[in-house]
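Next up, some structures in structure tokens.
Okay, so subunit A shows up in both of these, paired with subunit B first and subunit C after.
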Partner chain A sequence: MQELINRTKELLADGTVARVLGWRRGDLPTNPEPAYFNDGESLSEFVYNGFCGANLSKYMIEASELDGRTLVFLKPCDTYSFNQLLKENRVDREKAYIIGVGCKGKISEASLNAIGIKNVIDVKGAELTDACDTLTIETLTGNTTCAYRDAMLERCHVCRGKEYVVYDELIGDSADTVDGDRFDEVRKIEAMSPEERFAFFKAELSKCIRCNACRNVCPACSCRKCVFDSTKFDSAQKANSDSFEEKMFHIIRAFHVAGRCTDCGECSRVCPQGIPLHLLNRKFIKDINTLYGDFCAGESAEGATPLTSFTFGDAEPGTV
Partner chain B sequence: MPMNDNAEFRPKIVAFCCNWCSYAGADLAGSSRLTYPADVKIIKVPCSCRVNPMFILRAFEKGADGVIMCGCHPGDCHYSTGNYYARRRMTLLFSMLDYIGVEHGRTRVEWVSAAEGVKFSATMNEFVEKIKSLGKNVRLGDLRCRS
Partner chain C sequence: MYKIAKENLPDLYEAIAETNTLYIPVKKAGQTNFEQWTRSAEVDIKTLKTVKSPKDAFFPQSENLYTCGKEGKKITITLEALTDESFVVFGMKACDVRGVEVLDKVFLAEPVDTFYAARREHGIIVAMACNEPELSCFCKVFGIDCTEPSGADVITWLIGDELFWRPVTEKGEMLTDSVKRLLSDGDDAAVEAKREEISKIVSKIPNMRLSLDGWGRDDKLERFNSPLWEDLYKPCIACGTCTFVCPTCQCYDIKDYDTGHGVQRYRCWDSCMYSDFTLMAHGNNRTSQMQRFRQRFMHKLVYFPTNNDGMYSCVGCGRCVNKCPQNLNIVKVIKAFKKEGV
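And then the complex of A and B:
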């Protein structure tokens, strides 16, 4: 982390960048928040550790409108999102100075809760410099430890690799965290009967409180005008409890990002209700890979996407 | 829903037909006096590519038991390539619908030209029989109900 701060101070001092987009300590030690830093002094608030799961690429849409270059820290998976935004002309490459930061898998308080560690006060061992083996957790009911791996986000267990597809410089080492196949859960659902599948999704999606966090965090969901925006004032648009959009929200959203979703997993990370939203996106990714050839959104900033192109011999609907 | 339990199940079926081929095909079926069940409600669209995936979701949300989309044969699109894009979209959408519990049998795409009145009528008869055998569909409107 100190290495990142030192380099950042250098870049700010020599005028290469006008501001820095990073993470700062949040109100709890387990939720660092995305933040702008305008000078060397404010960097005392800067933090980069295992809880910095937030993908900063979407903020670059806004930062591309500002004067001067913005230094942005991107983890390997975040670079895919940035590249995808670049492809869609939503961010300006010239306005970004990208430092690729090392990633040893990201952890979350929700994952700690899931393994029975609740009422977390503080966590030690989540720093980037650590060997990342054991976490020491201070809770209301005493101290406990757990393996770093057990507190990791689902997306890190099926990480697609630690390659950076776009960057200006790299700082820090990454570690391999993969111990599963990302389509395993999708296959499990596909093997169920239609009734079971409907019951599964009904149970999951009924938890939704329509807070719009998944939409707001999604780098692919960056339309200037969204179909879910209501002409009514803010609270009314979320209280639209009987509209079609309300019921079909997640399906429509998954379709809108199909072929553009980089599977960054932010939707599932931010969901306050713990809905596994990535399961919908991964189904589309799996189908696209199977039917139209392996495709990875964000891998390249050029070229056609599966839903804006076709071949004469495409599969007929319903046959697969 | 039938008013009494003895009544025959009459499915609600929505058919999206493109203006240039399939709607004309339906017209030909009519003027040739070919029959197909009145359970099929046709919605005319300018091109199969005009069918927004949301149209299909909305049909199921409103209680449709089956949805069929008809367009010009690949290669014959009035707008050259519209049906190729539609084909990809529908393939992915139908697969997603199947994934959330609306079986593949309830969705269908058929390419019907303006000269294929016989095919239109046969397809609709076949599709209605298929939906009848599958029975009443889950209402997607119930997908997100709070307990």
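And then the complex of A and C:
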């Protein structure tokens, strides 16, 4: 972390960047928050460790409107989101100075809770310079340890890799975290009968409270004004009126980000009700791969994409 | 004081549900929330905090107010019926009961909200002491005693293999009478010992000692004008998570739904975090996310106590602390002002 701070101070001091977008230490080790730093002094609160799961690329839409360059820290997966935003002309490459930061998988308090570890007061073993294989945890009720990977976010178990698709410089090592197949869960759902599948999504999506966290955190949801926020639209974005409407919201959203979703996993990370929203997007990704050949949104900021270009060889409607 | 063996709780739920609609924490697809009890429901009274607060029982997230229809040249207006059957909310925690008392200040003041008033009249609260308060809890800051919830009709304690049951109001006595065949006499000493045990956990939670110095009704413009907000709001993604899991957030919007053959006028929870919050024909008086973010905390910690004899409209349940996507929360806001000495 010190290496990140030192380099950042240099870039601020020599005027390369006007500000820094990173993470600030929280009041607990488990809750750092995204933050801007405007000077070297404020960097005393800077933090980067396993709990910094937030994808900062979407904040760069706003930062692109500010004077001067913004230094932004992007993890390998975050760079795909940034590149996709670049492709859609939503961020300005000239306004960004990207430091690709190493990543050994991201962990969260929610994941710790899921394995029965609650009330976490202190955590050791989650710094980028740590091996990140075991966490030593102090809780309100005593000390415990757990495997680092047991506290990892779902997306890190199926991480796409350590490659950065856009950056100015790189700091820190990354680790292989993959221990599952990205499409396994999708295959399980595909194998269900339509009735089972409907019941599965009904149970999950009926938990939705219409907080819109999935939409607001999503780097692919970057419309200046969302159709669901329109006052002329019959279906209010905040009305939790019946389970059908929730399904409609999530399905429309999945369609809208299809071909542009980089599978960054933020939607599932932020859902207060633990809805596995990434599954909808992954089904689209899997289908696109099957019908048009392997494609990865955000891999390139240039060129045609399967769903926005036409060829005579395209799949006909009703193929899937 | 009464008690019932934990293994007989399904019979208790059944007995309550004979004459009341019963809302209770139910686990569905991995998450626990208050739901209407059915025989097949997976009741979960062990989880300390439901994702959403139980305020829906009194103030649902969406509800119809009236429906307009058109038959030929005749227009009909049908008012939505008020709740007229009793219901029980089982397992509310001390913070959530205080949350309802906060809502009372808003909805039972003139002009009385008849939908809410009808639910309060017919609702019976069976509260439960918190067995294991968590690190994110800070109810004590607001004078709430999680070892013995106040404001409920019945107070219960889960102790070992038994649920202890104490009616504290007339409504609570009536409910107790209707299920008495399932209860046996309980002993106050066991409850006192449990309360002591819980208090020990409370004393270990740092945020229970959070200072509210400078907040409350004394402050007017100093906090409002603080440059800190400009820094604090920045990571906010303007979702409604904090407001929708909150037991006291009470803002709502009124909208019309075109049914194709009429109009359904309904209200739904609003969120001060949303861009269309307080949007009116002339525009919006809060034009930035900073202003909307500031509104939430100023409302809970300054405006509400100013207008309600010092009562804060935060109850320290800590749901927003657990659920904010970007780890912002009211505790951090309070601590940030303390640090700056504002």
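Here is the rule we go by: the second predicted complex is superposed on the first by the 304 of 320 C-alpha atoms of A that agree within 3 Å, B and C clash if a C-alpha of one lies under 4 Å from a C-alpha of the other, contacts with A are read in each partner's own complex, and residues count from 1 in each chain.
Everything below uses one rule, namely that a residue touches a chain if its C-beta (ideal position, glycine included) is under 8 Å from a C-beta of that chain, and two chains touch if they have at least 3 such contacts.
Computed from a predicted model, the values in this text were never measured in an experiment.
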- So, after the overlay on subunit A, do subunit B and subunit C clash or fit? They fit
- Query: Taking the superposition as given, does A:33 touch the first partner, subunit B, the second, subunit C, both, or neither?
  - Reply: second
- Is A:118 touching the first partner subunit B, the second partner subunit C, both, or neither of them? second
- After superposition on the shared chain, which partner residues are touched by A:272: those of subunit B (first), subunit C (second), both, or neither? second
- Message: After the superposition on A, what does A:65 contact: first (subunit B), second (subunit C), both or neither?
- Response: neither
- Query: Touch check for A:179: first (subunit B), second (subunit C), both, or neither?
  - Reply: neither
- Message: Looking at A:216 after the superposition, I want to know if it touches subunit B, subunit C, both of them or none. Which is it: first, second, both, neither?
- Response: second
- Task: With both complexes overlaid on chain A, what's the closest CA-to-CA approach of subunit B to subunit C, in Å?
- Result: 6
- Hey, what residues of subunit A end up touching subunit B and subunit C alike? 206
- Message: For a test of understanding, state which residues of subunit A touch subunit C in their complex under the given definition.
- Response: 26-28, 31-36, 54, 59, 109, 118-121, 140, 203-204, 206-207, 209-213, 215-217, 229, 231, 234, 236-241, 269-270, 272-275
- In the complex formed with subunit A, which residues of subunit B make contact? 53-54, 57-58, 61, 69, 74-75, 81, 84-85, 87-96, 98-104, 107-109, 138, 140-147
- Considering the complex alone, what residue numbers of subunit A touch subunit B? 186, 189-190, 194-199, 201-202, 205-206, 208, 244, 246-252, 254-255, 258, 280, 283-284, 287-288, 291-292, 306-308, 310, 312, 314-318, 320
- Message: For a test of understanding, state which residues of subunit C touch subunit A in their complex under the given definition.
- Response: 28-31, 33, 51-52, 61-62, 134-135, 201, 204-205, 231, 234-235, 237-241, 244-245, 253, 255, 257-258, 266, 268-271, 274-276, 279, 322-323, 325-328, 331-332, 335
